[in-house]
Amino acid sequence: MRANPLLHHFRARATRPLINAWMSLPDSYAAEVIGHAGVDSVTVDLQHGMMGFDQMLPMLQAISSTPATPLVRVSTCEPATIMKVLDAGAYGIICPQVDNAEICRRFVSACLYPPSGNRSFGPSRGLTYGGSDYVTKSEGELLLLAMIESREALDNLDDILDVPGLSGIYIGPNDLALSMGYMPGVVITEVEQAIERVLQTALSRGLFVGIFCADECNAKKRVEQGFHLVTPGNDAGILRKSYQYYCQSLCGVQESWGQNGGY
Amino acid sequence: MRANPLLHHFRARATRPLINAWMSLPDSYAAEVIGHAGVDSVTVDLQHGMMGFDQMLPMLQAISSTPATPLVRVSTCEPATIMKVLDAGAYGIICPQVDNAEICRRFVSACLYPPSGNRSFGPSRGLTYGGSDYVTKSEGELLLLAMIESREALDNLDDILDVPGLSGIYIGPNDLALSMGYMPGVVITEVEQAIERVLQTALSRGLFVGIFCADECNAKKRVEQGFHLVTPGNDAGILRKSYQYYCQSLCGVQESWGQNGGY
Amino acid sequence: MRANPLLHHFRARATRPLINAWMSLPDSYAAEVIGHAGVDSVTVDLQHGMMGFDQMLPMLQAISSTPATPLVRVSTCEPATIMKVLDAGAYGIICPQVDNAEICRRFVSACLYPPSGNRSFGPSRGLTYGGSDYVTKSEGELLLLAMIESREALDNLDDILDVPGLSGIYIGPNDLALSMGYMPGVVITEVEQAIERVLQTALSRGLFVGIFCADECNAKKRVEQGFHLVTPGNDAGILRKSYQYYCQSLCGVQESWGQNGGY
Amino acid sequence: MRANPLLHHFRARATRPLINAWMSLPDSYAAEVIGHAGVDSVTVDLQHGMMGFDQMLPMLQAISSTPATPLVRVSTCEPATIMKVLDAGAYGIICPQVDNAEICRRFVSACLYPPSGNRSFGPSRGLTYGGSDYVTKSEGELLLLAMIESREALDNLDDILDVPGLSGIYIGPNDLALSMGYMPGVVITEVEQAIERVLQTALSRGLFVGIFCADECNAKKRVEQGFHLVTPGNDAGILRKSYQYYCQSLCGVQESWGQNGGY
Amino acid sequence: MRANPLLHHFRARATRPLINAWMSLPDSYAAEVIGHAGVDSVTVDLQHGMMGFDQMLPMLQAISSTPATPLVRVSTCEPATIMKVLDAGAYGIICPQVDNAEICRRFVSACLYPPSGNRSFGPSRGLTYGGSDYVTKSEGELLLLAMIESREALDNLDDILDVPGLSGIYIGPNDLALSMGYMPGVVITEVEQAIERVLQTALSRGLFVGIFCADECNAKKRVEQGFHLVTPGNDAGILRKSYQYYCQSLCGVQESWGQNGGY
Amino acid sequence: MRANPLLHHFRARATRPLINAWMSLPDSYAAEVIGHAGVDSVTVDLQHGMMGFDQMLPMLQAISSTPATPLVRVSTCEPATIMKVLDAGAYGIICPQVDNAEICRRFVSACLYPPSGNRSFGPSRGLTYGGSDYVTKSEGELLLLAMIESREALDNLDDILDVPGLSGIYIGPNDLALSMGYMPGVVITEVEQAIERVLQTALSRGLFVGIFCADECNAKKRVEQGFHLVTPGNDAGILRKSYQYYCQSLCGVQESWGQNGGY
């Protein structure tokens, strides 16, 4: 089976951070351009991104033609969708709102074939992209990240991290802030302390730790903080900010909609 | 944030009825043509319409280029889908089968950011279409309509209408008739009495009230009955009936399939 | 090979007029709904319609599931496109701007395999839909209509109609009016006289004669005038006019864009 | 309403086996080619196939233009999706992982209008394809097959088969093997005995029995065993194996990925 | 008819430069994000961009929902395509390789209805987006730009600029450089002199002058040089360069493919 | 720049034949499955295949994720389309109906940047897939094959083969047979002699020679005859024949449409 470079990099205790691109554009050409730009992985965001399954498929194919590893953030912990996304060739799943161990077990179980889990048989593009031994070997090559992004998840952190088969976690700072009573986009000490605690708890168990970042500057900070994988903003935000900058620079125009890309 | 004309019209106690188009065609050009034809809103029907998320997106974009407000009827009260549809820029959600207060709370909660609800952060096209202050202001600009369309919902009507954050209701007369033991498409006194009761109960609380109508003639009756928003049939039905009429008129041909468009 | 009902109806000298639907919506579901509504044929308009090849294909498939015969109006007399549209299963081609005999020969030649024409071999969906003897029999089952829609075409009418293999003509009254110095949409005696002359010339040679009509009322007049096939307006126009009527009827709203659907 | 040939064939106690094609390709042209190749039905696989709703729609339309009956395997027993797939014109549903009677009741209920079930009204393409009496007659023309593919389902077999309205079952040998502790793709006596028991139990109740088969050879064995409907492999597997054979035959090349197509 | 802001800005002799975005991504969401970012126009590039007609349509619809004006660069001076792109609602056409006056006349003629030109009647989305008087007024609201990008065009410059109905020109510096024997991407005195001559010749006739620019820095120079409209790079280039910068900044990774985005 | 394995194999005088798959299915997943099945190249057929540009793009991306080289057969020798297909990342073009040297020069010129040809600058996906030095190196890595498939081409064979920059030829036996007065699908001595002459003439000049074959058996014969690249049938034909065989084998059903896949 085709190896998962993210996991091998992690298991080899490589010190270089992993750079993850985040796609909300329903666009296989953008995915391919980004996948060739030096990133380690490209995540198709089925939760807040503007694509369903039918647009995701060619994106995963396009990413598969680049050195980057294809990941998918699903929209919720729904086993049938998770299984189908894996059948479509995702080499990792970022599952949102894993607020307790039961959700985490459901997530991991959907990703693994029996006896480890209850994934249904029908590997399709997993086999095409991964190789003919996909069914027996995928358990070791899929990156399974649970999103920690609520006060409830903080409360259940140890139980969540104890779930066997979980590769690690992915922190969603914006939803975490909202859940703790703050607006996203501002640095809040209480939120930062929670993030640091989650990071250290996961690291102490030898788990993989990733995080969404507002931008490249924030990503740099997260790398220094010790995260294995960082996501410097998203694709639509880059286009928006670039053209806003061009317009301001060239003629001082300031548009009224959509200043902050958010996430 | 871009204002929601439907809500402002309603809050201003305007007497003119709101005309809502209903789309089962998976077609952004049809959506645009209809949105420019004078209607107040265009609803993309994800429940019985022939589109999934990937075809809905360009439809919402096309509607956004017209004076009409983009609404979506989701297929069921599933929070992750509702959130994603809002992220795609729907300015209102019509949620089917809201049979009790718990379903209604789940629906409303999915539409509002914390602390009012539990909508996940990632506004995407909501921000692009709505404006940069979408996250803080969307709570006041999204039209949230619960469908009352079952005997169970009639029994729980007060509890459903009590749910904070709900904008109003949308009556589905066909499913309501089926639930009460009748076939859709015929005027049944018991069903009409139930509809009148729902209307008056909602009006007495100052809620917004809309309804699906068999055709323009039925819509006229509903306007006189006091509904704020009426839906005169759907797009596919208009095409079917128009061509059936043309064929009969021009050569007396009568086709055998699909005479009544239903809904 | 599957027979072409339009041609068999014509050859049988049936008196009932043929009703043709005209599609500018890029939408296979609309095509199917219309194809089941009693029309004899559905024409996908590649010239002014909002679809390219990729959206045309499922439309032809959908029409093939109905009693209606699938036709395509190509955007210009370009042989490679005409051949590909036939390979996609169109059972007839309406070719615009056939202004002289040379264009007409190019058109007909593109539709017929050698030795009659120079159509390239690769029948694809023609074979799937038409049957395994498509290559040898298609010459007798494809409806090939040259559009007469310019002063130049009027001048070259006899030469155009002399081209062997041509099934008949299809008049485009709007472009014809423009070419003669008038605006479309108004009845002009000079244009009507030209149309009548084209009709009679074609009928006298035993050719098939069709025409685009502003609406059902105009189509009725054309039937009485002696046309074999009439096209009562188009799909987008029906949607636009229906919703405009609904809005006016229900609340007197009059929209500002797109009043006349044109063609 | 258009009759369901599969059910009529079954009710007429015809002895010829029914051949079912299985599609994982998101491709309406492939669906049409296969539907014209002599099969009795074509199943669009929404569980492990590479299509969502938006790609499924033109596939169902294309199958509807052929002699084959359109079926859909849904991804899980989710009522809103099942209802929408029926609205899209599927003439039968294969529901995976029907492990107990409650799941089975939920499945059947989603397929039938009240009072038999709770299917929501809005027949859309069901009406277009099925005919104007679809709502009253569909209950007798839809093939509803519960997948028996787990040890739990074996334990609950009688209760599952007792659910009124169920047409029959469809065995998934690969997931059944995994659930029983074996790898798919090898003949295991214990699994074969379970399959035989399910087959005989269903036959003794007069139910319809179908099964997924590794290939044509395995399908032949299942026909002899007494199954009414067999599925000889899937479309992607046919393409893979054909080209692998060509390459080996023509130059001895042996590719490294995706040898066994699986299912 | 909806006014063309670019032309009104130009006719009003406004001094602020017009900023034009350039799209090679086949993506209506990206188009909408960019259209809301402050640019004056968004050009869908049918020549080197990764979209055909079917992907262009929703892009034009999305741009129409923003303050930006939708333009299209066609792939060659082919009248039928130009007409169809206008029918799809483009408010301006950039025509490549207008190397002599005959090509220019063909281009302009395809954009204007008789008697000014030979555009075929069937305004479709032009009417929907532009308004009901589109056919009579479009001649004054469409921006028609001929690309000057070859030595031959330089030689025929006066004749090209003399063609009545032409709004102005758009310089393609890369193809111009290639045509003059140089590689694109480097500042060459001879090419710069040619650009300056084209600019001044066009300005002296009161024509609109636009140009493609390598990036924002180059665009600033062109604004100072006197161009009315500048195009600072393209969308795919922005994504590529941004992620390349992120990777270098965060971990010094240097990818091997696609360093220079070109154009 | 990414090397073209077909050309390197050829230049290295490797004796193993090259196996080329031929796609008429508009399907990126099928393309990927086939690309992983051991073939050397996958050709997307824009002439008789059921895809336009918008469906071709994800197919080229999918092929790019496999060991196979992506080729495209264009529908005619139209420079703007050829250039755009190359910009989309095709690593070779098969151009139909190259009947004389002028057509051949137009074809080759469209594929090469100045000074060798007149390809317009804007490499897009060519750059993404090929590498940052694509513009300067593509001239040596693109496989340019002229189809010899008419009596006229036979007459002009030497002149065609003399065109500088041409990589070789690809014989279309079916169109060649039709052009010579025979029906495709039968072995005709006169046609075979012409094919042999074309093969030997091309080989004697050191050119690359490929051919379309009815099936694997015919391909084997062509390999023995000395062709470098063979195309054993096409994808739709494989699906059709496989299911026809299954149906006959399992129940003796013989369908009526589409027996011979043709090409």
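Per-chain residue numbering starts at 1, and chain names A, B, C, D, E and F are given in the order in which the chains are listed.
The rule is short, and it goes like this: a contact is a pair of C-beta atoms (placed from the backbone, for glycine too) under 8 Å apart; a residue touches a chain by one contact, two chains touch by 3 or more.
Source: prediction; values computed, not measured.
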### Query
What chains, if any, are shared contacts of chain B and chain C?
D, E
### Task
Any chance you could check whether E-F or A-F wins on number of contacting C-beta pairs?
E-F
#### Entry: Residue-number overlap at the chain C/chain F interface, same or different (half cut)
different
### Task
List the centre-to-centre spacing of chain A and chain E in whole Å, with centres computed as mean CA coordinates.
37
### Query
What whole-Å value do you get for the distance between chain A and chain B if each is reduced to the mean of its CA atoms?
34
#### Entry: Rounded Å distance, chain D centre to chain E centre (Cα mean)
51
### Query
Residue numbers in chain F touching 2 or more other chains?
24, 26, 29, 33, 36, 50, 52-54, 57, 125, 128-129, 236, 257-258
### Query
Chain contact graph: line, ring, star, complete or other?
other
### Query
Pairwise, which chains touch?
A-B, A-D, A-E, A-F, B-C, B-D, B-E, C-D, C-E, C-F, D-F, E-F
### Query
In the complex of these two chains, what residues of chain F are touching chain C?
24, 26, 45, 47-55, 75-76, 78, 96-97, 172, 174-175, 178-179, 181, 183-184, 236, 256-263
### Query
Considering the complex alone, what residue numbers of chain B touch chain A?
2, 52-54, 57, 79-81, 83-84, 87-88, 113-115, 120-125, 127-132, 135-136
### Query
What residues on chain E touch chain B, complex-wise?
28-29, 32-33, 36, 57-58, 61-62, 64-65, 125, 128-129
### Task
Under the touch definition given earlier, write down the residues of chain F that touch chain D in their complex.
16-17, 19, 21, 24-27, 29-30, 33-34, 36-39, 50, 67, 216, 219-220, 223, 230, 232, 235-236, 238-240, 242-251, 253-255, 257-258
